[in-house]
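In the two assemblies presented below, chain A is common to both, partnered first by chain B and then by chain C.
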Partner chain A sequence: MVKDIIVGAHYGLKDWLGQRITAAFMVIYTVIVLALLIGQEPLTYEVWYAFMADGFMRFFTFLFILSLMFHAWVGVRDIWMDYAKPTSVRLALHVITLLALLGYTGWAVSILWRL
Partner chain B sequence: MTEATMKKERPKQRPKHLDLLVIKQPAPAIASVLHRLSGAGLFLMLPLLIFLFELSLDSSLGFAMFKAFVGYPLVKLILIGLLWAFLHHVFMGIRILLSDLNIGTDIKPGQASAKAVIIISLVLTAILGAKLW
Partner chain C sequence: MTTRTIQFKIYRYDPDKDAKPYMQDISVEVDSADRKLLDAMVKLKAKDDSLSFRRSCREGVCGSDALNINGKNGLACLTDLKSLSGTVVLRPLPGLPIIRDLIVDMTQFFKQYHSIKPYLINNDPPPETERLQTPEERDELNGLYECILCACCSTACPSFWWNPDKYVGPAGLLQAYRFIADTRDQATSERLDNLEDPYRLFRCHSIMNCVDTCPKGLNPMRAIGKIKDAMVRRAV
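Up next is the complex of A and B:
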């Protein structure tokens, strides 16, 4: 009789799926934004500012920032999990990565909210 | 068959280790390594990209400074490197999403798509890089 007891923290599937959903969102965002920007040529400061300050754009750019940070977290964490073997080193790298990404999120969102 | 008999049937002359610098990697392996490298590069350069985003939206003076800053050859070179990283990461990412859906996972399409990812990313970087220079 086969008894497969699945153990672990069970965050693997959620992270895996989240990484893919955020990836798909970012690709769609990039394609649409590039297409819209190409239609705005020549890109002056006023045009660029008005484009990014638009309510819809701010909504989607905010989601893009969150997607990017989550996606980067899973990806960089996977790199550390593969190569940083000592638990103390790995923990330190995880914490540094997480703090950096949280800081970047605040920084990028604050740029958006100043518009 | 028990585990013990399976172990006995294994060929004796197996490579003890794989020297990554000597063995020839198949295209999917190269594309996969580049996916990781490009992702790491994009992560490390995030502060630069957020800084440029901030500068470009700060004021018309900031926008002019942004244009001057990205005009420096060294900055341009870094940004074109990041353009390649982004393109390779996206195209390889699409390949990964298709693999998740069991599309193109046989050896032949798998090798062809990995080669396509590597080549298209490089060609697009060259074209866009030349245009932006």
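Up next is the complex of A and C:
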């Protein structure tokens, strides 16, 4: 059976731009967190707890988790689009990836607010 | 006149005779008048006339003799024999169907090229004189119009290997930007619509194989970046 090549989904710009913006945010977050933690010796449970219980820290860590998940979604989806040829396989892989990332997000949020 | 012998390992495949491709060991004597790889290949062809390859202008303008030379795509007519030492391995451009020996079927490559409408679209009645540009507007086309469509870049691009039917590829996208950047063209928005697609444009992951391999020293990745810039300017 001959299948037409169908392209023209008219999306991609937001994903591409979003991946770059989340990458920049994650770099800034990582640098700031590392800067704040350096010198906090010894890094005991109490130090970590106080650090992560702060409202600002929670807010930005939550944004970091969202950024990571969005960034990972675009990146992993791109890998499936590059290599997984049958549409059914690709769709299944996309769904599994989305569900996994959604689960990870919920798990990370529950850890963050359990503190 | 000084002479030297160059040892070649050449990809050979004649679908009428060979069950599968093989590498042929062959050597040729070149003298100081033979300056480019193509000169040596013409001598090879005289020695074994069953060897098939494309060539035409022999001066880096027509783009016919693009090959994989020692693992890197390039034009035989622009590759100095002096730059090659040891056994020279010649293969056809990777990722395209083989017609025979070093000749590949470029249908898919040109299909993608045609899909970006590689011509000026301007619905105004033609003026008495040429449609003029300022020197600055003309400068935007530098590094774009020089492309000779040899396919060295697209066939060095893994995204084009995996999705040649859906991804336009670096050569096609460089040409697409050549018309997006042209102030005389009136179809910029349609051109961006045509490319705003996860496969057609966004398979580029900026690995720069195209920049590394272009025998004309062009930068398709920068052109792709400028297409994305134009889309962001349009959307934000």
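Definition applied: the second predicted complex is superposed on the first by the 107 of 115 C-alpha atoms of A that agree within 3 Å, B and C clash if a C-alpha of one lies under 4 Å from a C-alpha of the other, contacts with A are read in each partner's own complex, and residues count from 1 in each chain.
As a working rule, a contact is a pair of C-beta atoms (placed from the backbone, for glycine too) under 8 Å apart; a residue touches a chain by one contact, two chains touch by 3 or more.
None of the values given here were measured: they were computed from a predicted structure.
In the superposed model, B is the one of chain B and chain C that contacts more residues of chain A. In the superposition on chain A, contact is made by A:Trp48 with chain B only, not with chain C. Look at A:Ala23: by the touch rule set out above, it reaches chain B but stays clear of chain C.
In the superposition on chain A, contact is made by A:Val76 with chain B only, not with chain C. Shared-chain residue A:Leu13: touches chain C; no touch with chain B. Within chain A, not a single residue is touched by chain B in the first complex and by chain C in the second.
If you check the complex, the residues on chain A that touch chain C are 5, 7-17, 78, 81-83. Put simply, chain C touches chain A in their complex at residues 158-159, 162-163, 165-166, 193-194, 196-203, 205, 228, 231-232, 235.
Residue ranges of chain A in contact with chain B, taken from their complex: 20, 23-24, 27, 30, 45-46, 48-49, 52, 72, 75-76, 79, 100, 104, 107-108, 111, 114-115. On the side of chain B, the complex with chain A involves touching residues 36, 39-40, 42-43, 46-47, 50, 53-54, 56-57, 59-60, 63-64, 90, 93-94, 97, 100.
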